[in-house]
Amino acid sequence: MRVYERYFRFVIFWRIAQLLILAHLWLISTAGFEAIVFILLLLIVMSIRIRFSIPKWSFLIEIVLCIVFIPYFPFALYGLAIAIFEAALVGKWWLIFPMTIFMIAYPAFDITLIWYSLLTVLVGSFTYQSMKERKQLEKTLDKERKEKHELEQIKMELLEAYFEVEKAAELKERNRISRELHDHLGHDLTGALLAIQAYEQVENENQAHSLLEQVKIRLSRSTTRLRNTVHNLTPVTYIGVDRLQRIVADSEPLLIEFQYNGNVDNVSSQYWLMLEACLKEAITNVSKYSNATKTKVELDITETLVRLKIHDNGTITQKSVNGSGLRSLQLRARMLKGSFTIDRQNGYLLVCVLPIQRRGK
Amino acid sequence: MIASLNGIVKRYDSKLVLDYIDLDINEGQIIGLLGPNGAGKSTLIRCLTGMETVNQGNVTLFGDGKKPFQNKNKEKIGLVTQEISIFPELTAQENANFFAGIYGLKGEVRKRRVAEALAFVGLAEHTKGRAQNFSGGMQRRLNIACSLVHDPKFLIMDEPTVGIDPQSRNHILQAVKKLQRNGTTILYTTHYMEEVETIASEVVILDKGQIITRGTVQDLIRNIQHEERIKVEVSHPEEVSLESIQALPDVKQVIKDGNQILVVSSANSGHLDRILTIIKEDSGVVGINVEKANLEDVFLTLTGRTLRDGGSA
Amino acid sequence: MTVFHFVLKRSIANKTSLLILFLFPVVAIFLPSGEYWPHLPYGYQYFGIFILFISLKLSGLILEDRMRGIAKKVSIAPISHFSYLAQNLLAYFSILILQCLILVYGGVLVGKELYQPFWLFILFITFSMASIAFALMWISFFRNKEISMLIFMSIISVIALIGGVLIPIELLPEILQKIAIMLPTFWLAWGIDWVVFGGELKEFLLVNGMLILYMFLFLITGSVKKLH
Amino acid sequence: MMRVLRTIPYTVIRMSRDYITLLLLLVVPIILITIFYFVLGDLKNQYGDPAFYDTAQLMTLVFQLFGGSIVIAHIQDDLFSPRRQRLMVAPMSRPFYALSISLCGMLYSIFLGFLLFLFTGIGLKVEWGNGFWVMYIIGLLAVLSSLVSLILIFAVKNFKLAERLSEVYGIGCIVLAGLFFPIPDYTVITFINEYLNPLLLAANAIGYAQSNLFPDAYIYMIRLGVGIVITFIIVFVLGRRKI
């Protein structure tokens, strides 16, 4: 509820101002202590309103109070403005119409009162609207945040699925290769081998020649097949540490030093994607907001974890809004049971640590 | 399950203090809540005890997620505050009596519990002494006793050892262990990692409102560590070939400082043997120092900062 | 009732407080009477100010609890905020009742002219309630006991002057007379006048009713502040 | 000596930033005197002068009685609290430091008195008589009050108690002077008011001077002076032991 505090403060200020106006009217009037009783009662209702949450129709209390006290203290008519304000504050601004009629019908009517009530209803409905909007905004924000949370979850599941698909593809490829090798290459090579063996035994010149010819054909077919098979395997994109190095190299005008330790084969492709995202995020940040002259990227891979640390020597610290990019990285790291922290106290420092589970590939 | 926090978000104005905290506390544990100043430890405790309403998420105490802060549950919780929250003008016994009273203890039970609690923290001989005449450590202990009189199942200790002498600190740590043996679950907040290493059965490390890791001390130290440092003191430093050490895989840095050689390499590289072999070829080895990893290193690995002041390493 | 019990214990813990709490009513009994004004002996006339001070001094215990973090512990104990405050206030109230009793009953014993001692006693009691509530509200603005007391002193000296306790209200300029009606001390002074000169019971009820209204107002505003 | 002098600006700054004291010793008396100004209006006393003059003069003097609280608050802070150790090891004469704090406090109190004097004299048109003489007497009263407070803080271990006692001294003087309610004419009380009560001594010294009865005024002034000498000796003896 703290977000609304500013509005509450404003509302309280306005309520007090209204009471002060009443108090002033009392000071310039000739009314006796009844006015004080009246103001005191209004004050109590106000404090109850601040202290406890009371029903929406509670502005009726003020209306009743005003009507009761008007005979003793004519200016109590002005107290109706408080009721109008409270009504407007809960969205019932139309109450001004019956009240205005009452005011006009009342003998001691004057135009200031109408102005005052109008002003009050304006302030009240304005506050009501902005509080409503604020609540709405907060709600949307919370919803968005939640959705993002869920979205990340889905993303992670997708990544997981991708990982599985990748494994399946790998398997399929392996099958294809082995089938290819077995069905064609193997077949041809075996044929060629048998032909050569037979060639050694054969004495007939013609027969030998045809066997040799056969071997030639089989071998040349095998070469083509082999080339074809291998050609199918060539990776289209870089992956792993090469990819990170490529990113660093591409960020040319920035001075980035990259070093890594450990066995890069321990890191799964899922992790590489995450690390890549971190690196990109950091580089964007450094190039956009930082006045750094040097950035250091360290990648450590041990038996149990992968750690990416990016540290620059910038001095700008005030830019500390965690953007949505960082937010989603944070969530992703959490999904991978790792951690992701950003610190701007002493240069921009990004550390991402992911655990390595030894899974059977 | 003693307590659990589920997706807790806490904002002060627009500042996010707790960011989706999920934490389960199981019976019989001592959970060490570790983190630099301003990590959100105290806020976490305030949310856990109902002192503060949360912006999102829910708290469950003793399996009760609907009304976690009803009196039935509050009776089972004890809180040792960061400040010494006792009445200096009252005696130790009266202080304990007061807190026993507000937890609804009466008559014989109260008398017995007060005596037990005071004896437990080693104040049995000072029951009649006024708290204002106590030393700092004694006041701390009385502060703890006051949180123990109602025999809580779940004890929350918010930096209970700030600013006291080592002896009292040891006394307190021993007491905490004893409590755990008696079946109390303890959440122990501190920014002294040594304390957590000694007593905690599980560590939760908090930084910037997030739980960055949790696990047993051993597991964390074993698994979350990205480099190790080996210091070798040699007799003839000038003859040692630094290049051949540097050439070992995973070695990050080799520094020669006087007759000491410091080798920084990735964690668990198993280089000790190899390094020694290389050095022994050229020089005598006078001493070896392999820096033992601790929770500080864990924090350093995870955040790149030091635990004590949160500064850059 | 542990809180109640210990609040009592703490408020009379040291001899100085005990002395201030119970010596003053006794001394007040023996203060002389004025010539034209006030109508009651000075001790009785000034007792209202004394009640204000004592309430603040007593409710300083709540402030101390807040400063020391005891309130934090209380807030997580199985005891409600309401009960904690109620027991505190009740303890202060019982001390003030005792003082009023000493003053009024002592006055009757010594043979002071108090006109209607019973009603005077009732008046002091209602004023005590309003004053405790006021103190509760007052301390909710402050973090430091000493500062709260010092500023209170300066405010009270002004309130006492224009509230009709130190000098008769009729002497004040008109505008101040009007403002004075807003101060609880005005109603105390009115009540004392009623006790001296007598009048309709309705008037006395009005005075007490006003004081009780003040009490509610101060209680509600004073309890807004959270425990810790 | 030079070192002590260098601390004085900071003492002055600290005193001027103590807003609570400013509120109690300057704002409150101004409000009270103003209210009395409206209350008493054109009322005349038995000599035919406006009754408000007496009240304003007395009120101005009354608040000088509490000026000692400035001095002892600072003495307590600097010489009897944890800060004491810091001063103990500082290469500086502590008695001189204490003296400088006391002097600053006294001067500050006199300055506040001067402001009140200006306010009543110019703002509310109170006739004070010779301004120099008035300031002289106000100064004496401030010095005496500070000295009394110093005696209390040196003689009583508990600071809180010393503070309370200094309040008792102030309020006691007011009560004895009969400002709250008429004081019966016991010989003891008359004697105290004639020879010991600094409030009345100062008021009489100003009052007689205003009526041009300087011999009488001098007598009261001398009584105040004697008070200062005696209290100073006590402060000197006690202070030497404590500081």
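For reference, chains read A, B, C and D in written order, and residue numbers begin at 1 within each chain.
Rule of thumb we're sticking to: a residue touches a chain if its C-beta (ideal position, glycine included) is under 8 Å from a C-beta of that chain, and two chains touch if they have at least 3 such contacts.
Note that the coordinates shown come from a computational prediction; the quantities given were computed from them, not determined experimentally.
Peer 1: State the chain with the largest centre-to-centre distance from chain C, centres being mean CA positions.
Peer 2: Chain centre farthest from chain C's centre: A.
Peer 1: Using the touch rule from the top, work out which pair, B-C or C-D, shares more C-beta pairs.
Peer 2: Between C-D and B-C, contacts are more numerous in B-C.
Peer 1: Cα centroid separation between chain B and chain C, in whole Å?
Peer 2: Each chain's C-alpha centroid was found; their separation is 48 Å.
Peer 1: So how far apart, in whole Å, are chain C and chain D when each is placed at the average of its C-alpha atoms?
Peer 2: Computed from C-alpha means, the inter-chain centre distance equals 30 Å.
Peer 1: For chain A and chain C, what's the span in angstrom between their mean Cα positions?
Peer 2: Between these chains, centre-to-centre, one finds 56 Å.
Peer 1: Approximately how many whole Å separate the CA-defined centres of chain A and chain D?
Peer 2: 66
Peer 1: Provide the list of chain A residues touching at least two other chains, using ranges where the numbers run on.
Peer 2: Within chain A, no residue contacts more than one other chain.
Peer 1: Taking chains as nodes and touches as edges, what kind of graph is this: line, ring, star, complete or other?
Peer 2: Graph shape here is other: it fits none of the named patterns.
Peer 1: Okay, in this complex, where on chain B does chain C touch?
Peer 2: Within the complex, chain B touches chain C at residues 49-51, 71-72, 74-75, 77, 79, 81-87, 89-90, 94, 97-104, 146-147.
Peer 1: Taking the complex as given, what residues does chain A use to touch chain B?
Peer 2: These residues of chain A touch chain B: 1-3, 5, 142, 149, 259, 261-262, 300-305, 307, 309, 311, 330, 334, 339, 341, 343, 345-347, 349-351, 353, 355.
Peer 1: Give the list of chain C residues in touch with chain A in this complex.
Peer 2: 175, 178-179, 181-182, 206, 210, 213-214, 216-217, 220-221, 223-224
Peer 1: Could you list, by residue number, the parts of chain C that touch chain B in their complex?
Peer 2: Residues 2-3, 5-6, 9-10, 13-14, 68-70, 72-79, 228.
Peer 1: Which chain A residues qualify as touching chain C in the complex?
Peer 2: 23, 26-27, 33, 36-37, 39-41, 43-44, 47-48, 50-51
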